[in-house]
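The structures considered in this document are given below.
Here come two complexes built around chain A, the first alongside chain B, the second alongside chain C.
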Partner chain A sequence: MSDHRINRRDFLKCAGALAAASCLPVSTVELAFADPRENFTFAYISDAHLQLISGTKFVRNWDRGLIRAVAETNLLDPKPDFVVFGGDLAQLALKEELDHGAEMLSKLQVKVHHVMGEHDYYLDLGEYWSKLFGPQYYSWDHKGVHFVVLNSILTYDDWTFNRWPTAKQRMLEMAGLDNPNGSPFMVGEKQREWLRQDLSKVKKDTPLVVFSHSPIQKIYKGWNFWTEDAEEVQALLKPFSDVTVIYGHVHQIQYNQIGNISFHAVMATAWPWPYPQTYAQAEQYLPKLTVPMNRANPFFERDATGWQMIDIDSGRAAMNYNLYNNARRTVAFNPKTRQPEDKVFQDPERRIPPQTHF
Partner chain B sequence: MSIKIAGAFVLAAVAVAVIWGGLAVRAEEFTKEDLERWQNEYMSVVAKGRELWTSPTLGTNGVACAQCHPNAANTHPETYPKFQQQLGKVIALRDMINWCLRNPLEGAPLELDDPNMIALEAYIAYERRGVELAPGKH
Partner chain C sequence: MTMAHSEGPPLGLPPAPVPVDNPQTAAKIELGNKLFNDKRFSSTGEVSCANCHAVEKAFTDSPLVVSEGINKLTGTRNAPTVLNAVYMKTMFWDGRSPSLEDQALHPFVNPVEMGLKDHEPILAIVRSDPEYAKAFQSVFGKSGNAITMKEVTQAIAAFERTKVAANTPFDRWYFKGDESALTDAQKRGFEIFVNQGRCVSCHVVEQTQALFTDSKFHNVGVGINAIQKDVPALAKEYIRAQVAATEVDQKVLSDKKSSELGRFAVTRYFDELGAFKTPTLRNIALTAPYMHDGSLKTLRDVVVHYNNGGVTVAEDPVNDFLSGGIRPLALTDKEIDDLVAFMEALTSPEVAQLAKEAEKK
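Here is the complex of A and B:
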């Protein structure tokens, strides 16, 4: 995480200057005159999949992933401005699982913004989640950047309301990633209209960062690495000069550039997923730009899981992947090529054998 | 030669005579219907394997194989037997299935000839159909 060390040095320098206005702690008041080119960081933790066994027993493996992410995030110095939890806190949207997760996340020392995942939703359609964490889509401004959270894991009404005899079965059907009875994710018309109105108040040169659970791009439909109305959402983001979309769900490093929009996926704390090209029967479109993470070694329980620290530099994201059993990776926007690139491995000559998935 | 053994010889001779006489099927003759039936037999075991693959009760903690391996991806059946570097020896795919049952699923390993083991292997291989054999590949 060499970038973070640089930030830390800058921060210390800044702290030494004491009175420098740009070093003051962030407040809601300060946002009005914040310098949009000010760098800041936030942490991103996602896909914990806390899974109830029975009573008060949870799957130990998944618990450990989130506990570690929270503990390490709290050790960051300087502290990140905020934390985003990217969805799938629970495995089957049970109150016990969401409560368990809320308790673990309550140890974070900075504000947490929540994104809805399908594993949090399809039991009670997000009712209990909303009681704990608030609205399912919303926006805010921070140091000159406009942040938007979307609930991208909605689907066709017919599937949600008419297909399944019980809520529990609906949840189980959506929880199976490769379940052919599942249904494609979408943002939906109502939320797109909200987004259109929300963005109409934002200047086109304001850096925009959008958080969703599913990729707002189409990679592989069979595992819902996919959002059905991705193009419609992208069209709403198109008028802005600097757009970054950060998503969970895929449990792996992915990145892409479509027009002015940079896409980044985040790691899960629970377990890694295979890249879709490893499923021999799949027709899939993993972005060519992506240099995959190393193949997971199952004998290291936390391998190919982790969390990320994200630098926002001039409104563009640098993803610092903190990988528990692997060398860290940094994927950052390259202003020359105008796309996200891995700081070490982007050149095909520099790739290493574990990055080959088959 | 005892009477019993002599009797057995007589029975065997009768059996051979019956088969030679054309009452039984010829070993290498089969019909389209046979092929279909055999494939269906295999697919019924594949379906059983898929059911086990997605079952929360195969282990003890509710975790299913499919949670980490959707469509049995990243199991690489075409590479086994291979040197499993973490174990320091050449093993079969079924040894890795049992490793997963014991570790992420916190369950008990299956006997190597357990019908459930055969079903899991049948499902894994089916999802990997069309991929070239690559024994030993890491």
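Here is the complex of A and C:
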């Protein structure tokens, strides 16, 4: 690593160590303060799926998940610099659901950046969401890192505009898994052009962090763990030395490295998805997904949900997963192997084998 | 009460686990019994372990809300029973102690319990008192300064490990098929216990045994509800480690608000804010009042609290950190009565007998 990457944490480590010989020379440490980048953290809450039952009645389980994540985020010390909400605040993009979520998120004591999810979008094509939360794609700089938010859940115009008799049906069709009437997510040409222009102003050694709702990589099409133009978007990110893409939608921990890009998924506060069967190493004979939930423990409604605190260390993300009734996990970029790795469970010997289901 | 080391476990319980470095012997158990009841191990000479864990009160201090130590000083928590504590994976309501041996160290020196400055006065007594000297020599082969708190707490723990109690009407019905052991209301109550009431998810009943606890920690909306505004400031104290691990014992028993942080004060995990250990339900009918703070007077109050989804008064807001399993249960009044009737079937005859005899006195 070059000297300009020395960060505040290293400085503190050295300042605390009496054995100065093992630390960096003071002159180099001073560079840390000349560098605009500093270590910082932000919190990431995603996929609340707040669902209206009728009147003012909402599904209690999903409400409690978001309420708890917000309350716990407010207890973080030191405070995160900001919070990202990763999309799918609502279940069927109803005004009532988005308002309900906005009210809950208003309790957060730091700025919230919003990402569009398909459950927020396909009723009115994001109109009410934008009224509440602003533009659907945008960028900003923070402590030397360039952040980008994409709306990655768009799809073919023909599907969106010509196919469905009602907006409500369009929303319901996009909300289904394994739905032959569904359509793959995409960022789209217009937004890719915006991204190209946005990134043209950014130096190539600036750490880049991209937030999207769907993974900007192709994992499993049947559940839209997928972005149709992922390769085109990745190509725009390729010239940068440190790139991290963080996405929601999948309700499970995933991480991957493609070229220079580290991918991380975040947990939902609502419910977990099982890993799609294409993940399995051996042939399986599972029936088509009929049960929308696969909790280790069906009693504890928060089991296999969570939220995350993200440490941006030298421009790379360390994902700290706050998991209820489960061991907390950290997945961080390993500069030696140049890929994200689980701090504890990466070693095959440390892994917990899956349960056998009968 | 059944002696775990000499007989099999009573109906409904597994064999009591015994650590390899502290095997059970009759002489050690007898020594532990003596230590457990010795009031000299407190600053006033008036408080022994048995004050708060009285044999005739199912090893609690029922009906006290929270325990009373020296000079009637009160702590913040309701005395948990010693009965079946041998099966617990951690000790105290917040699990801040890993074993019965370790647990026994702390009340001696807690200012609101037995009030000693350190353990020296105990050692002075057990090293010089002829009866103790003889017993420690025969049990541990040690005398004088070779006797330490390790031997003292090992003997107390050995005594406590014999306090297992089961063989209740429920056990005779469930494990032996004795249909006459339970009333119809109690049988209906069990049905609710494992289904609509969702009780069994934490108060575990298995095919061959029933500990009625998962040895885990849950925020069930008791205590924490009253201090929600204070949580951010209190949590910060613990996150920043301004309260050292060694101070937690004193802090949580002397400061009501810190007490309500529950397991979080020990682990500092958000997941465990306001969370307390699941107590066993065995002999629960004898140990009112209930919950870690003794805030619920009757078993019915407890069921109503759970039926409300984690609040004692139905209209109150639930706390932000409520455990995921706690939600409104929609039980009818009759179902609540049945559930209470079921819990009354969890009393061991010999424990009830001791309570009855004490009442006569």
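The working rule: the second predicted complex is superposed on the first by the 299 of 358 C-alpha atoms of A that agree within 3 Å, B and C clash if a C-alpha of one lies under 4 Å from a C-alpha of the other, contacts with A are read in each partner's own complex, and residues count from 1 in each chain.
What we mean here is this: a contact is a pair of C-beta atoms (placed from the backbone, for glycine too) under 8 Å apart; a residue touches a chain by one contact, two chains touch by 3 or more.
Bear in mind that the values here come from a model prediction, so they are computed numbers and not experimental data.
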Which superposed partner A:322 touches (first chain B, second chain C, both, neither): second
Partner chain(s) touched by A:257 [first = chain B, second = chain C, both, neither]: neither
Chain B versus chain C as contact partner of A:61, first or second or both or neither: both
Which of chain B and chain C A:71 touches, first, second, both or neither: second
Dominant toucher of chain A (residue count), chain B or chain C: B
First, second, both or neither for A:299, with chain B first and chain C second: both
Touched partner set for A:314, first chain B, second chain C, both or neither: neither
Touching partner for A:130 - first (chain B), second (chain C), both, neither: neither
Chain B and chain C footprints on chain A, overlapping residues: 60-61, 299, 301
Residues of chain B touching chain A in the complex: 54, 61-63, 66-71, 73-74, 76, 86, 99-100, 103-104, 127-131
List of chain C residues in touch with chain A within their complex: 198, 201, 231-232, 235-236, 239-240, 269-271, 273, 309, 318, 320-325, 327-328
Touch list for chain A against partner chain C, complex: 60-61, 64, 67-68, 70-72, 74-75, 77, 299-303, 322-325, 328
Complex interface listing, chain A residues touching chain B: 49, 51-53, 59-61, 176-179, 222-223, 271-274, 276, 278-282, 295-299, 301, 357-358
